Each structure stands twice: as C-alpha cells, then as structure tokens.
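In structure tokens below, several structures.
Same chain, two partners: chain A is paired with chain B first, then with chain C.
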Partner chain A sequence: MKYFEPTSIDEAVAILAREDDARCVSGGATLVAMMNADLLSPSTLVGLRRVSGIEGITKNQQGLRIGAMTTHATIAKSGLFVAGMNVINRAANQIAHPPIRNMGTIGGSISHADPAADFPTALIAANASIEVSGMDGQRLIPADEFFLGYYETAVAENEFVTAILVPKGPENAVGEHVKVTRVDGDFATVSVSLVLAFNENQCSYARIAVGAVAATPLHLDEADAVLTDSALTDEDIDNAAALLVKASDPIDDVRGSANYRRALIPRLLKRAVSLLKTDA
Partner chain B sequence: MSTDKQVITLNINGESIELLLDGGETLLETVREQLGMTGSKRGCNQGVCGACTMLVDGEPVRGCLALSSACSDRSITTIEGIADGLNLSPIQEAMVEHGGLQCGFCTSGMVLTLSAFLAENPKPTREQVRHALSGNLCRCTGYTKIVHAAMHVAEAYSA
Partner chain C sequence: MSMPNTAVGHDVPRIDGREKATGAAAFIDDMSLPGMLYGAMVFSDYAHARILSYDTSEALKLPGVKAVITGDDFDAVLGGVFLKDEPPIAMGKVRYLGEPVAAVAATDLKTARLAAQLINIEYEALPNVLSVDEALDPKSTLIHEDLSDYFRLKPSSFEGNILWKASISEGDVDQVWSDCDVIVEGEFQTQAQHHLYMEPCGALAKPEQNGGITIWSSCQSVFIVQQKVADYLQMPMAKVRSLVPHVGGGFGGKGGLHIQTLVAKLAMTCSRPVKMTLTRTEDFEIVRSRHPIRIRMKTGAKNDGTLIAREIDMVLDGGAYADESPAVLNWAVFVARGPYNIPNVRSNGQLVYTNKLRAGPYRGFGNPQVTLAGETQIDEIAQKLDMDGFKLRQLNAVKTNDAWIGGQNIDACGFDACMTGMLEATAGAEAEAAAASTSNKRRGIGYSALTHMCGIQSTSAEVHLRADGSVALVTGVVDIGQGSNTILSQIVADSLAIPVERVSFAAPDTDSSPYNWKTAASRTTYMSGRSVLGAAVNVREQLFTHAGEMLECAEHDLELREGGFVGVKGVADAQLSFAQIAGRAMACVGGPIAGTDTLVFDGPTLDPKRAIVDGFAFTNVGIYTFGMQAVEVEVDTDTGEVKVLRVWSAHDVGRAINPAMVDGQVHGGVVQGLGLALTEEMVWGENGNLINPTLMDYKIPGILDVPDFIQSIIIEAAEPTGPYGAKGMAENSLVGIPAAVSNAIANACGVRLRSLPFTSERVLRALDAAGK
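Entry: the complex of A and B
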C-alpha cells in the first residue's frame, strides 16, 4: 500500500486524481478500522496531517471554521462553540473514548458517513456547511445535502473534505446532543441533536436532527416548525416527534430493534428539550 | 519486495529506529512484528478494547488504528518504555501491589492510559479515573483493583 503525505490541498487533490483507488486518511479511527476488518483495501493512502490550512478552529464574522483535520478532543475542549454551535461541542464530547477522540478528526468522521455517528446530526442541527476541495477548487455543501446514504456522501471523486463552516445562528440559542448507547462509548442506538432559542418561555427557533434511524441523519423542516413558536409542552414535543417517527426508516441490528428505535425518538427529544430549558 | 514500502524513522521509547514500512502498516504491527515488542496486545483490532494503547506525543492512542508512516517525527511510548530499567513506574508498582491484573492481557493498555491520565490529572476523583479507563476493557472484570491502584498513586502524589 502506497503512502503519501502532501503538504497542500492542491498536491493532495493531484495525488487523488493520479493514483487509482486512493483514500485520504487523517487520524485513522475509521479508515484503518475498516482496513483491519477487511472491508477496504485501498492501493494508496493520502495522509493529510501535513496539509496546511485544514487543522484547527477559527472564529470569523459568520461563525466558526473547523479544519477537517481537527480532532474530536480539540473540538470537545474548545470554548469557541458558543450559542447553538454548542451542539457540535456536546457531540464531540460523547464520541467513543478519550484515546479515539485524540486520533479521530471531524473531516474523517463525516466522510465515513456512518448514520450512527455523532457529528452528522450535530452539523445538521447547527445548519453547518461542508467545504470540499477538488480539481476545480472548493465548493460548499449544506450538511443537509451532504449525507446521501449509508457510508455515502456528496463528496465526488478526487475531492476531499477540507473544512466545516458553522454559522453563529440565533444569538440566544443553545445546543445539546443526547444519545442512547448500549454501553459507554458505543455508537448510538438513536441520537438527537437539537438547537433551540427561547423568547421568554416561548421557543423562537428549533432545529432537530435524529441519528441512527435512517440511512442518513433525519431532519424535517415540518418537525422544526412544530416546536418553533410553541411553548415546548410535552404535547408539542410529541407532535414533532410523531412527524420524525413517521419519516424514519430504522433497521433492526445489534444495537436495537427498529421498533425500539422509533420509541426512542420522542423520549430523546424530550430529554434534549429538558436539558436545554435548564441551560437557557 | 513490494516497491510501495518506504524507509521511515520512528522514535520509539526514546530511540530512533529506521524501518521499512508498508503504507498500511499500523503501529501495533510495527512494534509487535518488526520490533518484537509484544507488550502491546492485539485485542479487537478495531479501536474498541484498548489493549494496544500507546502514547504518541504523550497522548494515549490506539496502536491498531495509527498508521506507522504517519508517526514519523512523533514520540511513541509503548509499555516497554514505561519502566526505568528494572524500576517499575509508580502505576506499575501500584498495579502489582493492589492486584490490578489477572490474565494481564489488558494491563499494558491500562498502564499507558493511566500514566498519561495521571500525568495530566495528578489528583483525580475515583469517578474521573473510572471515566479515564472507560476505553480500556478488562474481560477478567478486575476494574475495582485497577481503580484502587490508580487512586493509590494519586494519593501518593498528593501526599
């Protein structure tokens, strides 16, 4: 297996275009695990650790730019995730265990597109966009349009994720990520990422994403609309959850049955709302 | 020999070692198979069990998921580099004293995780120790004594 360490985005793209069956690798937490399980055997690896400009979190007018090579641990410990952007920080804190958080990167995690992973729902709840780079430069893909299926994304051939752009969102918003797992550190049986803003006791903004209940993270404008301008009563939450349950398409697997997953959606949504009511 | 291999220098336990590496080779494979250092264990090979835990630049990582080629110019510590000659490190001593090991398979990973954790958090609570060990599985389920050992070291530090 060949291994390259380009130092620029352009050089990395050129290697991806030149080599057959090349895969980018950052921390290895997903790609090497797939290789160890004999699910993938690329002929060439493009190590991204020396590529300049794709690591770290920077604040700008619009919000935050998270370089693709930023580790889960860096995001988990960062104080920059204010207001609703906090949903991303909360998700990072719940990914696997400390050693995995030291290795895994946000770009690698979302490129893998496991519907039970924590970042995909968090990025959708935060209304983030994914920056991918290729032969024709860069393009931005809204998180809602990035995940196409199980382990499938909108990243085209010879492109790779270089950053995640997170808008500030409403100033008074708060974000939370909750999940049910069989044991500490496991992938989610079901997860919910939620961003809410309040005006007095009224909800003025809501964005919900549910993980591990379909091939891609589940986000419905109609469900957000049920919570927005509501008083977030149990009935409001049940109504929003009912729409999400109806749109979900969960599978039976070792982490839970499809029915169990459907039953978890309203419960996790209630848990997330109640945590955020305490925060706000 | 495959032409895909490259000569890469790794710094392992303070020693610079030149190695011929395939791009897909993991740190765990390198230390066990090329260097014969078998203290790091291959458990799940998926990053779940923690038996292959090593320190890279002082931070615990999974040896089975780290590509060796991506570790040049980084400082790697395996269980073989934890004791000072025949003098065990404080956490190794405490593991012996408190019976913090049964079959021993998880022990090297436990010791490395705890070494890094205690260096950063010299006075942890029991709960923090348990959290720090959440990514290291002991199938003998001897966690209580491992936590005792860690708390013993923490108390010795703070004394």
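Entry: the complex of A and C
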C-alpha cells in the first residue's frame, strides 16, 4: 500500500488522479476500522492532515465555512454556530463518544455517507453546500444533492471534499438534532435535524431532515411547507410527519425494524419541535 | 488469643492493581516466544453440513506455512463435561456456522490468514435446526445422530434433538391449584448474551523436549485446560502443562476450552511455539453464549399472600454442543422456586440442540432467566392481591434453618436483612419517582429478590513459610479479574497477622499448584478461601509448636503479634519473629514449615423422601446466598426508550473480606445485567449466520447509559463454614437485574414485557398494544 501526505489541494487532486484506487483518509475513524475488518484494502491512501486551508471554521458574510478536516469535537465546542446553524453543532455533540469525536472529521463523515450518520441530515436542515475540489477546480454541491445512496455521494472519482459552506439562514432561526439510539455512542436508529424560525407563535421557516429511514437523508419541501406558517400544533407536526413517513423507505436491522423507524419519525419530530419551542 | 485485624474487612488495594492500571500486565496476546508461529482458522460456512473433503494443498504451498490441521489429524475423541459430544475440531460434520474446521500455523499472521482462505472444503448441506420449536419437533433432522451412544456422566432422559431432561418436584402441585385464591401464568423468552470479556480468547503453546506441551491460555482454570487438552490429544496429563498470564475477564465464557487444543496440536505438528488470539468477531462466533430459555411459569397464592404452588416448564437452547448446558439446565430447574417457602413445586426443564453457537456457563448460570419469570410473578401476585411486594416477599421468604427445595438446610440466611436494608435505602424513592414523572416520561421503581449458591467442587492450598518470615501462597486459583489474588492473600495475611505485602501469590501452574476446580459459580472466596485459611492456620499451629519449644512455654500461653511475631501473653519482650522460627525449622528442627489444606464440597444433598428428582447433572452443591435489588427507570412513552436512573443492590455476603471489591462486583454485575435487560442480544439469520458479531452491532451499555447512582448494600450474615463467615456473591449482582428492570417498567407505565431484551422498540410496541 502506498501512502501520500500532500500539502496542498492541488497536490492532493493530482495524486488522486494519478494513482489507481486511491482513497482519502481524514480522521481514519471509519476507514481504518473498515480496513482492519478486511472490508476495504485500498492500494493507495492519501492522508489529508497536512493539506493547508481545509481545517477549521471561519466566519464570512454568507455564514460559515467549515474545512473538511475539522473534527467533530471542534465543531461540537465551537460558539460560531448561531441561529439555525446550531443544528450542526447539536449534531456534532451527539456523534459517538469523545475519542471518535476527536478523530472523526466532517469531511470524512459526509464522504462516507452512512444514512445513519448525524452530519448529513444536519447539513441538509442547515441548507449547507459542499465544496469539492478536482482537476478542474472547485464546485459546490447543495447538501440535498450530495447524498446519492448508501455510502454513495456526488463526489466524482478524482475529487475530494474540501469544505462545507453553511448559510446564516433566517436570523431568528433555531436548530436542533435529536436521535434515538440503542445505547450511548451508537449510530441513530432514527434521527431528526430541524431548523425553525418563529414569528410570534407562528412558525415562519422550517427545514426538516430525517436520518436512517432511507438510503439517503430524507428531506421533503412539502413537509417543510406543512410546518411553515403553521402554529406547530401536534396536528401540524403529524401532518408533516405523515408525508415523511410515506416517503421513507426504512430497513429492518439490528437497530430496529422498519416499522419502529416509521413510528419514530413523528415522535422525534415532536421532540425536536418541543425542544426548539423552549429554546426560542 | 488476640487476633489483630490486619487485612480482612478492609479495602486492601488489589495486589495487581498498579500493573493493570499502568498497562504493564501481560495477557496472552502480549506474549511471544523465540521462533513463534501464528495461527489462523477456517470456519464453517454452513450451520449444518456433512464434510465431504478437505483440500489443503494450496495452503501448504504458500511460503511461510508450517502446518495445516483438520479433523483428519485428530483421534476421534469426543469431549464434554456431562455429555461427551464435542470433537476437538469439526469431524465428519459441522453443526454451527463458524465452527472451526481447519487451522493453520505460519510465520506471520497475514500468511496464516491467507493460507486459511486457500483451504478448500467440500460440504453437503443438511437441513438447519435453528429454533427451539424446530428442535422439539420429532421430525426435525438430528444434529447428533449418535446421541444415544455418547458418554453420559449422570443418567437422564433424551430423545431426538433433546439432549437432556431434568426435573424436581415437591408436594403436589396438581392438587393445590384449586386451593389458590390467585394464580398468575406467563411465558417468558430470554436471549443469547455474549460474555464480552475485555480480552478475547487466546492461547500460546510450546512443544517440549520430553514430548510434552506447555500451554498458556486465557482461561478460568489451568486444570480444566490441562485435563481436556490431554484427553483430546490422548496424552498423559503429566505431559500437558497449563499456565495462565493475566486474564481479561471470563464470566463463564472461558470456563471450558476454546482454541487451546487446536493451538497445541499446531505446535506439536510443526515442533514450534504457536500463538493464536481470536478477533472480537471470531470470539463472538465460536466461543459460547448465555442460554436463551423459554420459560412457562405458573404461581399460586392464598388471599393472605401465602405462596402455595409454582410450576415451571422451560426449554433451554443449548446450541450445537452440550458444553456445560446440562448443569445450567439443572441449576435453572433447581433455583426456579426462588428464595421462598413454596410447599408445592414442579420444575421441568428440557435442553435442546440447535445449529447455533454452543451456549455455556455465564454469570448466573440460568438463574437470571428464571428469576425474571419468578420475580415478575411475585409482583403480579402482589398487584392482584393489592398487597405490597415487599410484604409478600417477606411473608414467604426462607429463613435460617428453613429448607431449600430438596431439603438441604439453610444454615445462614441474610435474606430478610437484605430486604430490610433495601427498604431503608429506597425509602421515599417511589414517591420521588412518581413526583418526577411527566405525561411522556414515566418513572418507576422495580424490585427483585434473588438467591444463588457458592459451595461446589473441590480445591486445595499450600502456604509456605520463607526464611525472612514472608509466606508463599500456592493455590491454583485463576484470578480472572475479579480480585481473588488479593482476597486470598488477605486471608493469609490476616490469619498470620502479617501485612499483605509479605504474602506472595503464586501464578497457577499445573506442574506445581495444588488442584482447584475453577473460577466459577461464585465459589472462590468461599471454597478456596476455606482451604487457604486452613493452610494458613496449619502454618500458625506449626509456628506455635516451634515457639513453645523455643520459649519453653505452653502453646496456649502464646499469641500471634502484628507484623509476624509469636509472643508470650502478657510478656511484651518475650517474642520470636517468624524469621527466627523459620530459621530453626529450616536448619535444625522439623524441616521447612508448610501448611496445606484440601477440601471438597460435600454438604448434605437432596432428600429423596422429600423431592422427586430426575436427570440432575449435579446434586453436591449448597451454601445458598441471598439478595435484593432495585432499579429506577424512566420510560419515554413516545419512543419506548428506557433510561436507568438508580440501582440499589443488597447482598448477603456472609462477611465482606474486602468491601471495595464487593462493591466492584456489584457495579460490574449490575451493568452486565442492564445489558442483558435492555440491549444485548445475539441474533442469527436464516442461514444460521450470526448477524451482529461486532461491537458496532451488538450493544453493551455505554458509560453514559450506566447510572451514576449504583448503591451497594452489604449484608453480613456469617456462614458458619465460610472463611471469616464469607460467602460468594459475584454472580448475584447480575441475577435480579432483568427482573427488577421489568418490574420497574411495569411500575412506571403499566406494561409487562416478557421477552428480553427490553429494547425501546419492544417497550413502544407494548405501550401501543396497551393503548398507553
């Protein structure tokens, strides 16, 4: 196995283009575990830890730019995730446990594209975009279009994720991420990421994403629309959830049956709404 | 004689604590020997199949491969404790998916694993028998065609895939149901739980010049490893030396063999040391599990709360091989009456083969499963009678000098004290739980009583006095992490009034240690503690004999003095150090001082006039122990999630030799019990494949799932035969937890769960079904 540690994005892209079967390694929390379990044996690894300009969180006019190499722990501790962007901070806090949060990176997490992971839904709820870099430079992919299937993303062969751009969103918005797990530190049986804004007691803005109920995070404009301009009554939430349940395609696995997952959608949505109502 | 209390009853730090905390302690995988090879295995792809042929030629061609072994390389010897049904490696047939069929030794691990993949095995698939119902069906395919020819240690009935039946009855259950004012009946189902010791199983074997073999392995008894490997390899035990480094937990899973025979055979085949340690996944797939048990139970009482009848019918899923299942069946049948004087009891059990991993001993030995049923029914009866559960338990509780089912006398019973202690500790807790409940977060408290035992099998010990007055303790006891090295050293230190630092604890070695059965059945403190105390007292007597002669006084005028002295009572400066006495014994009179003691548990056995007993694998057990546990849960009625908030655990330990270690056993057993109650379950798929053999998929409680509040309540009702009055307690702290969690969930939100584990999904389903 060959191992490279490029120092720039261009150099990294060049190696990815040159070497067959090359894979990026960021935190290694997932990749190395898979290699140890003989699930993967890439012939080339491209370590991203020395690539400059892809780590850390910076504030700009539009909102935040999160470098791909930023760890879950850094995001979890950051105070920059104001308003609805907070959904990302809340998700980071609920990923696994401290050792994994210290290792794992947001770029690695979304590139792995596990439908039970926490960042994918949070980024969709935050309406974020993913910056990928390739031979032809950079392009932005809306989070909604980034996840294509189980462990499958829109990142092309010789590209890699370099940053996540998070728009500020409505100023008065709030964000929350909730998940049901079997034990502490587990992947979600079902998770819900939610961004809401209130105008008096009316909901003026809503974006819901549900995790672990389909091959990709579930987001429906129609469901958001049910909550937007509603009073967020239990009935409103049930109506939004019903659309999501209908669009979901959950599986039976050791974390729970498809039926249980469907049952959790409205219940977790209610939990998220009620947490945000007390926050707002 | 005044006995200064230097050690017993104190929180003496573990003698191996520093080593373990700093990472210096060596386990099997840390060991290596010059010229050592690495082992790997080939596992069956079928749950049930005939082996038609092996092709090992490609593997043997691979550079670095030094040996390949299959069933063809072994004598056709079957092993087992109560039923000899298990070959050393699959022979002729495979009976569970993952069963080892071949093994390889090579110069490095990668080559060994690659070679294993190159071994080609041809199978002829047979129908799988995966469930208890399939196994009970007389038309199902036989997993062991030769069952009737197998050696059976004790007589018992068997038929088809039912390998053992056991029962006990007292009184006349059938006659009394009509006298009952209240009857509860239910079916309970428990699951396979993995032992999940921190250290996966492993072994290292080294061929010796004399044709023998030395084996280090992660095990619960060096003697059992020695005996079984010698049997499989048809060697005299004198040629099999078994040793053990530190062990990272066992819980019953390392009580029998795992890969020791294969590693020994590989080493002997290529005349080089061979090491093999299992990956976590391999450990899940090929070692053992807790028994899933289907239990039907019926309990009846009078209006005043007197329990008068209990009937139990259970089926244990033993998996592909008997292992110690007949004994687990036996104990589950025997203990299902619970710690109550119920005059009419019938307890029946059947043990079946299925094409899954063998089930085996696991902390509690069938008891947590039947306690779930029994203690659920106690609460249900209390509810029906509108009576307090404690009152019902106290009314029926066994007391000192009552009889156990089968008639054995209970010589020391702290059960009532456990209940009283629990009542005090949990005073106000139910009101607090009710007050803190909201419409969708319901809190509740559940209780479970429990009983277990600790007197079983045999052991022996030696204490040697060294020249400077230090002593060497030699026992053959394997400390699997529970702390027996320290407890047994404390007993010696206390009985000779020397500091624990002056006692050396010899590592178990079949070449030089006296025999001890194994670290199991909560027996080490009670059984080995007795023999260690006996050996130390024996040394003390010899010290006194010498001192009497040296000081020219009668032995009854002598006393032991703190720090290793024997002195004349009332005369402060008339004393001898142990070193002075040792010097005399070694150089002049009598020879070196050594004390020995040996014993077998031979308490009164079952009374045939009182109980009808059939198919019991063992009857020579006793010294019953008691406890009471309580759990507070919060159930989220929207999602079914169960959060454990507080746990109280009261155990009659006879005497706490080391209270901190009692607390440690309580904490560990409680958490392992919470895993059993709430999340852990090994799940097999349609082909008999284990679906969740990783820690990603099989979930034990994480640190944030463990409640901050676990209160250990130590009750000391001295056992007359115990060392310093001590009894066992190590399994006990797990036994009542599933039942207490079940009762707590019922208390919190009014639903009854009868299938373990109580996952959030099952809780939600029960809530939905009950319309809550």
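Definition applied: the second predicted complex is superposed on the first by the 280 of 280 C-alpha atoms of A that agree within 3 Å, B and C clash if a C-alpha of one lies under 4 Å from a C-alpha of the other, contacts with A are read in each partner's own complex, and residues count from 1 in each chain.
What we mean here is this: a contact is a pair of C-beta atoms (placed from the backbone, for glycine too) under 8 Å apart; a residue touches a chain by one contact, two chains touch by 3 or more.
Every value quoted in this text rests on a predicted model; they were computed, and no experiment measured them.
Of the two partner chains, neither chain B nor chain C is touched by A:Ala68. When the shared chain is aligned, no partner comes close enough to touch A:Ala214: not chain B, not chain C. Judged by the touch definition given at the top, the superposed model places A:Arg49 against chain B, while chain C stays out of reach.
By the document's definition of touching, both partners, chain B and chain C, reach A:Asp184. Of the two partner chains, both chain B and chain C are touched by A:His97. Looking at the shared chain after the overlay, A:Val32 reaches chain B, while chain C stays out of its contact range. Within the superposed three-chain model, A:Tyr3 lies in touch with chain B and out of touch with chain C [touch as defined at top]. In the overlay built on the shared chain, the residue A:Ala263 is in contact with chain C alone; chain B does not reach it. Applying the stated touch rule to the two superposed structures, the overlap between the chain B and chain C interfaces on chain A comprises residues 37, 97, 184-185.
Interface residues of chain B, counted against chain A in their complex, comprise 4, 6, 21-24, 26, 45-47, 50, 53, 59-62, 64-67, 69-70, 113, 132, 134-135.
For chain A in complex with chain C, the residues that touch the partner chain are 37, 97, 180, 182-187, 189, 254, 256-257, 260, 263-264, 267-268, 270-271. Those residues of chain A lying in contact with chain B across their complex are 1-3, 5, 25, 27-29, 32-33, 35-37, 41, 44-45, 47, 49, 96-100, 102-103, 184-185. Contacts from chain C toward chain A in the complex involve residues 281, 638-639, 641, 679, 683, 691-692, 694, 696-705, 759-761, 764-765, 768.
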